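Look for chain A in each of the two complexes below; its partner is chain B in the first and chain C in the second.
Up next is the complex of A and B:
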């Protein structure tokens, strides 16, 4: 299974294997990774799964929907160019090894 | 025994039950925790059931709150596929359907709600589809391929989400709504109208002020329905989403105060101070409401469970979260924040025609609720405004150029 590496705001790394098709939010929440909440169960409605995606993988991500774009305007952690909602990123072969950094607060 | 070694027993593995476990452990609770749920599966999330899971299927494991490892690591004893049958308050013990008796210091009731059944002859009752558990959806999915015509009874969120999904799958969909408009309990008349038009535009045939008079079974397995409006309809699948009733059975039997729900105080304690309750089954005086209410939402379940865990961990926590919930229908994301009952003015931002707008609902000059359609950023800002008790002026609310977040920074 492809790997994802979550790095929390203090720099702690957690490496997980998650199944293709599962979102990075689901992978984090189900495995108890701190720093991602996913209050709305992944329906792109709450912006509590904000993450910063490592530049190398940005080009492989699905395009951002208008909803996601708007939600990112209201995140608690500062929005950066590589900000995404992790519920909108489904694991796929080309994302193997993806590194996402988590904000201090959601 | 008090403090963080108390034995906690939780009845109900929905959002409230799971959250209570997680918050207890994160809050430093070291005592034993047991979870009882009649469903044999590991606790799972409900919102995707009527939405993505219904549409796409997916591995049911992706719905789990946590994998089995979590419960082992956190030393949580799971009693799944087992029901709680009686509370012995005097001896602080819970009787289970498998004959076990669990001693507790703190009991947490998160039983949720039960589907309100459609009244039909007995021989058809088990053929009616409902949307509540993973098994319900799996059952629907197993039949769906062979189904062309679907009739849905009920014009609330669940029925309408199912309708939208079924249309996406190319089914013929008719919805019977007893009341004069859809989502009557939860949104304003203008929003009901807007969504009614969207359903019509997507080919969903919604019949208002129409109930079911009789249902009979056809030889081919389908149904013939006579509506209260005197029309006859035939369909292959009949789905009912006509609401739920709080599951108060165990609490009532134990003599806990119940009134359309298990009555709890601001700290989510029932009339027995050793027993807490949270979620859809609970009736309480929300600080934003002027009477006792019950809220059926994930947010309510989760936030009440957090309050319970904090109290068990020795804090003095009270529940005062701003209620919020959402619904996905076609490309529309409806989000509601606050409690709108008693509003006397609606201020709109954005045009209905654009399919993206926000309704600010006021009681006098006080903002009491905000409903958004495809404006999730407004929803998030509105929750903060409501929590802070900040009411934008009517002109500010209507003005696209007035950033809602900027009102928070004052």
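Up next is the complex of A and C:
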């Protein structure tokens, strides 16, 4: 299965195998990764699954919807160019090895 | 034969033993009294919340609905229209947008406490939470200062139902109509003189180049007022009940106020005021040996899912250390409570101010009268003393 590497704000790395089709938010929440909340269960309605995607993978992600874009304006952690909502990123072969950094606060 | 009547005073008072029977023995139970299925296990409720195509909100989401409401509010709409409506308000209620409310919240809490400082005991519901939430919503929505007491009175009545008829009584319906008329006057004022406040954004916004229907605006504004005043006050009262029932937790918060958010989250899990909501089946689905048919209503018992030991070990213990991720205290899925950031902030400020002046606040001997509501659970009064 393809791998995701979650790096929390203190630099701790967690490497997980996530099935294709599962979102990075689900992968985090189901595996006890602190630093992602996912309050709306992945409905793109809350912005508590904010993550910073490693530059190398940014271009492989599906295009951001207007809804995601607006929600990212409301994240607690500073919005950067590589900010995405992890509930909108579904695991796929081309994302194998993707590294996402988690903000200090959601 | 086991019976579960979500309209009964017994369930208002203490639904938890019945929930356990449901979870363990009848995980998909047909309640004749409610004329709907009841889902009580955490996993099943989460599944339903995330499958709006099968479990639709468009036929009503409150256990006893108000006429004309279904399909016209945020909570009673399905995607895709729901998502467009929600997007209009979402940004204004997120945590980052609420810095401006912190000082007014502290001021309101202090003022309400000052007003009862010589009253011992005082009623936490009538003397504090009911008024404090009105103050906050009046500020957030820029409500006219006249007749806020009446606004509150009507909000409280709207969420109740008659335990005997299992529907809204004339009094409850009248309160709902009053609130609708009130929403109409607010809308008229804003259209004349729009501001930066939350309501203005909603009232004047457009989806796909079209303004929202008057009915949608009116009924959603009605819901926002009801939720902001009554649901929030109800939850805050449950939080204070927990702190006065579990004085060791109260003491831990006095010693370390930074833990107040943990107490709030555990309260949301332990006995959220938002106990039961409903959905309407759109596609046949089999669950636990039962067949749910299109048109059937289903009760999602959040209060039960939150006590499911399959998800939360030792669920009947109020544990400040727990940090219950994924609790259902605010619902979940696309309709997850819009007011979560407001509620957390309001409760945190309230508890900070209260424990600062009353570190040994405790409840006195009393028989709790529970609000007669099939959806919400909170005490009508909570007598406390310093």
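Here is the rule we use: the second predicted complex is superposed on the first by the 106 of 106 C-alpha atoms of A that agree within 3 Å, B and C clash if a C-alpha of one lies under 4 Å from a C-alpha of the other, contacts with A are read in each partner's own complex, and residues count from 1 in each chain.
Definition applied: a contact is a pair of C-beta atoms (placed from the backbone, for glycine too) under 8 Å apart; a residue touches a chain by one contact, two chains touch by 3 or more.
These numbers come from a predicted model, not from an experiment.
Undergrad: Aligned on chain A, chain B and chain C: do they clash or fit?
TA: Partners clash after overlay.
Undergrad: Taking the superposition as given, does A:74 touch the first partner, chain B, the second, chain C, both, or neither?
TA: A:74: touches chain B and chain C.
Undergrad: May I ask you to decide whether A:14 touches chain B, chain C, both, or neither, giving the answer as first, second, both or neither?
TA: Once the two structures are laid over each other on A, A:14 reaches no partner at all.
Undergrad: Which holds for A:39: it touches chain B only (first), chain C only (second), both, or neither?
TA: After superposing on A, A:39 lies in contact with both chain B and chain C.
Undergrad: Looking at A:47 after the superposition, I want to know if it touches chain B, chain C, both of them or none. Which is it: first, second, both, neither?
TA: Both partners, chain B and chain C.
Undergrad: Applying the touch criterion given at the start, work out whether A:31 contacts chain B, chain C, both or neither, answering first, second, both or neither.
TA: first
Undergrad: Would you sort A:82 into first (chain B), second (chain C), both or neither based on which partner it touches?
TA: Neither chain B nor chain C is touched by A:82.
Undergrad: Identify which of chain B and chain C touches the larger number of residues of chain A.
TA: Of the two chains, more chain A residues are contacted by B.
Undergrad: Running through the overlay: 114-122, 168-176 or 294-302 are the candidate stretches of chain C; which one clashes with chain B?
TA: 294-302
Undergrad: Residues of chain A that sit at the chain B interface in one complex and at the chain C interface in the other, please.
TA: Chain A residues touching both partners: 29, 39-47, 67, 70-71, 73-74.
Undergrad: Please give the residue numbers of chain C that touch chain A in the complex, ascending.
TA: 46, 49-50, 83, 86-87, 90-91, 94-97, 325-326, 330, 332-334, 336, 340
Undergrad: Considering only the defined contacts, which chain B positions touch chain A in the complex?
TA: Where chain B meets chain A, its residues are 45-48, 51-52, 58-59, 62, 64-67, 70, 298-299, 302, 326, 328, 333, 335, 374-377, 379-381, 405.
Undergrad: Touching chain C in the complex: which residues of chain A?
TA: 29, 37, 39-47, 67, 70-71, 73-76
Undergrad: Under the definition above, what is the set of chain A residues touching chain B in their complex?
TA: Per the stated touch rule, the residues are 19, 21-22, 26, 29-32, 39-47, 66-67, 70-71, 73-74.
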